[in-house]
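Shared chain: chain A. Partners: chain B in the first complex, chain C in the second.
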Partner chain A sequence: METWIEVVVFGLQRGAIFGLVGLGLALVYKATRILNFAQGELGTVPAFAALMVMTGFETVGDEVADRGLLLPATVVAVLVGALLGVLLYVVVIRPLGKVSPVTSLVATAGVALLLTTIEINVFEARARRFPRPVNGGFDLPGTDVIVDWHTVVILAALAGVALALAAFFRSAPGVALLATAEDPFAAELQGVPVERMRALAWGAAGALGALAGVLGAGVFESLTPGLVTSTFMIPAFTGVVLGGITSMVGAVVGGFALGIVSQAAIQIVTTYELDVPGPPQLAVLVVLLAVLLMRPQGLLGRSA
Partner chain B sequence: MSARLPRLAVLGLLLLLVLAIPQVVPGVYINVVARAAVYGIVALSMNVLVGYAGQASLGHAAFLGVGAFASGYALTEMGMPFGAALAVAALVGMAAALVLGGVALRVTGLYLALVTIAFGLFAQETLFNIRSLTGGGAGQPAARPSLFQGDVAYTYLCVGVLFLVILFDWRLTATRPGRAIQALRDDERVAASWGIDVTAHKLLAFVISGGIAGIGGGLFASIEQIVSKEDFGLSLSITFLLMTVVGGAGNRWGVVQGGILFAVLPTLLDRTHANFHVFPFTELTATWEPAIGAVLLLLTLTMFPGGIAQQQGALLSWLGGGPFTRDPDAHAPQGGGMGARP
Partner chain C sequence: MPEQTKEMVELVDLRAGYGALPVLHGFSIAVAPGEVAVLLGLNGAGKSTAVKVLCGAVAATGGSVRYRGEEITGCSTAGCVQKGIVMVPEGRRVFGGLSVERNLQVGSWTQRGNRGWVEAQRAHVYEVLPRLAERRDQLAGTLSGGEQQMLAIGRGLMANPSVLVIDEASLGLAPVIVREILKIARNLAEEGTTVILVEQNVGALEVADVGFFVDQGVVTATLRGKELADGELIRSLYLG
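Up next is the complex of A and B:
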């Protein structure tokens, strides 16, 4: 029993990061109908920016990060993420013009590759220690399961982001963004600055990505080039599809579901001593295929 | 026709140049030439899916890996001769592609792209980790055929197979099924209204692509004579996509050049970094290679959607027997490209 509580606790921790990455994906998709493969690197690059702030801008040394600076470093990371998001829209996405969704996915995959390569060249292909805001954990009442405080921090951050987004979509700019997504031409006629709204969505996605990057690096307590893309992106993609690709709530629910499913897959293979390598990747593929073949609009999405 | 002689002369010179390369390249780099030929084969495989049928593939390294491991298993565990192992690699590649093609019948566009990514990761982490088939972390040995033991000889074998695949691709686009596959790219419903069996031809495109990639994998396995799962990651799949798009999806000569370019780029950067002591080369080491590829991709998508083939449009048209003009109608059968509007 306790192992399964542990599965849920770990699943929630990973799932919350999937959810944060997924929210950025869903936001950009909602606003511009583009699935952004570079969302993961919108997390890793700001996480490196945070690391720079905490180590006094030492790019390749072994300077240990100063945990006391984590809060200002996170603020810097979020700003870097937002800037990077807007830059990505202005420099790459807008000049692309009206192309098929697959072509824009390919373009953002190119951006992800570009950013990862820059990280490798600036920071070298090795792991750097990355602090958590709160260390240690506590016993879950009535069990021996230890819950990391970091899990609580991630869940709180996710809840805060969800509330902020919910409030945003009820405000005037939020409605303008929804209008842009629904019908850009009609929105423009109503005086909505369509281009600016799209840039705003990309900027917000960058800020969300930065948060996911800083907290995700905290999960492993280390940061390597390409970290968010290689560890969180594909489950986050699948979570977004599972939740319904344009649904914000769906992105979070899907993220949690994927977190628990991949953790459960690892546990099942260990418990029954099955000789199956890569259980999380297998689980992700199975979930993705099951959703696409049985309920392509996702759990909470409207039919496309 | 007086224009025919210079054209044949140029084609002959190009052929001689290609055949001379394995002779003149220094021994340490000969395997790069073999790899370039294999990447050319993979690019043609990608081209059938991306360029002709209009499907996305972000997990193509999985097909190369499936072929490489199948060939390695057939050679090492079953003691098959090289030709038979290559046939096994092609068949296994076809089978894997058929599975993915079945999914592509129900799932299209963006979602199919996601499935191919997840499939690639599944292949890398699960399939290629099954120790009894792939040798696990140690890798699967794959010996070369006795006739082509040497590096130069094996390189000629790879180049020869590349030419055979080009020939096959050329005949494919000239046949009815080949044209039917290309009709799918523009609009499946219109294709169906012309009486084209969409299901069968989509599956055919996947099977052909998987078969070519399987052969490429079989050849790839014996370049280093050992196959390990680290060779077939997501970044390789993205490289394959980059070389297809940068080469010019839909144009066989374009994608082959794209494949060769991305195969030699790391070595090229190493050499320029070591030998040229002026600015860009002093900073550009081989680790920058993916960044250069990515920038080429973004420039291609925003400025030249037809890739290398578009920029060589006039030359390719002339070599193919047409006039020396970039007018896209002059070589109409090879259009498309990633920029093709939906």
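Up next is the complex of A and C:
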């Protein structure tokens, strides 16, 4: 019993990060119909920016990050993420013009690779310690399970993001963004600056990625080049597909589902001493396959 | 200095097209403030192209667009909306996944800084188009064709137009709904908005102050007064 409670707690923690990454993916897909494979690096690069703020710009040293600076560092990271998102749209995506989904996927994967390479060159291919905003944890009442405060922080951050997004999609720019996503020509005829709306979606996705990067590095208490892509990107993407690609709520629901499924897979494999390579990844792929076979529009998406 | 003129909108010797394909070959019309103008003509005559040039959605390759006597050729769509030239596009193109109320909110984009005005205008739109008021929380995609057309017009009105262009309002609608929409257009003009209707339906001439017959990218006839009700004359225009 206890172990399954742990599965759920860890599942929710991972799931919330998948959800943050997934929200960025869904937002960009909704606004510009592009699967942004660079979303993960829109998390890792800002996390490195935060680390730089906390270590006094020590790119390769062993300077310990000053946890007291985590809040301003996170603000810097979010700004860097937003800027990077806008740049990615303006410099790479928009000049591509109307291309097939595969072409834009390859382009964004190329950007992810490029950013990872830059990270390795600047910060070296090694792990740096990365702080959490709150250390330690607490006993879940009535159990022996210890819940990290960091898990609470991540869930609270996701809840804050959800509220902010809900408010945004009621505001004039938010509604104009939804209109642009549906029919750019009709939106333009009302004077909506369509290109600026698309850039706004990419910028917001970058900010979400940054938050996922900082909190995700906190999960491992370490940061390596390519971290968010290698640990959170595939499950987040799968969660978004599960949730219905353009659905924000679906991205979060799908993220949690994938978080719990992958933790459960680890648990099953250890309990029964199964000899399976990479159980969480495998579980994720099983979900992806099941969705594509049985419900290609996802749980909450509408069929095209 | 712009020359003094009593016209609201003038298209003068306009030339435009798509890529290598020219569509307008010296297209000219003039519409006075508060008039209802109707552009008639066969499919592919260039009516939609002409009004798209007026709204900045298609570039002119020659000639000029004047608004209140001011030369505005080459103005962007957003710039035109800002000035008060607003188009309700062919095919309505409401935002199907958004509610009626949200569609109107998108319409008021250029006016969003003026909350008081937007509130009052929304109330006015619901008054002029009462079917929308009953359905304000309904998704636009689930409205009937006639209701969608009214929503598209309401959305256009939320941008505070001085000139409202409606492209093929009557397409695919029952005659009784078409009459209702034409009456709405007439009433808008009585309130001072200049209305330009692009129509296949000659019945629209009943509410018109001026009619332009368009053929192969030029205006071949301008009808005013009694001519607007001269069935014989109109039939001869269609027969060429």
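Points worth noting:
Keep this in mind: the second predicted complex is superposed on the first by the 304 of 304 C-alpha atoms of A that agree within 3 Å, B and C clash if a C-alpha of one lies under 4 Å from a C-alpha of the other, contacts with A are read in each partner's own complex, and residues count from 1 in each chain.
FYI, contacts are C-beta pairs under 8 Å (C-beta built on N, C-alpha and C of every residue); 3 or more make two chains touch, one makes a residue touch a chain.
Values in this document were obtained by computation on a predicted structure and should not be read as measured data.
The partner that reaches more residues of chain A, of the two candidates chain B and chain C, is B. Touch criterion met: A:Pro296 reaches chain B, while chain C stays clear of it.
By the touch criterion stated above, A:Leu113 is placed in contact with chain B alone, chain C being left untouched.
By the touch criterion stated above, A:Leu178 is placed in contact with chain C alone, chain B being left untouched. In the superposition on chain A, contact of A:Tyr272 is made with neither chain B nor chain C.
In the superposition on chain A, A:Glu188 contacts chain C only, with no contact to chain B.
Touching chain A in their complex are the following residues of chain C: 55, 57, 77-78, 81-82, 86-87, 89, 93-98, 102-103, 105-110, 112, 155-156, 158-159. Against chain A, in their complex, chain B makes its touches with residues 56, 58, 103, 106-107, 109-111, 113-115, 117-119, 121-122, 124-126, 129-130, 234-235, 238, 241-242, 245, 285, 287-291, 293-295, 297-298, 301-302, 338-342. Residues 35, 92, 95-96, 98-103, 105-107, 109-111, 113-114, 116-118, 120-121, 230, 234, 237-238, 241, 276-282, 284-285, 288-289, 292-293, 296 of chain A are the ones that touch chain B when the two sit in their complex. For chain A in complex with chain C, the touching residues are 172, 175-176, 178-179, 182-183, 185-193.
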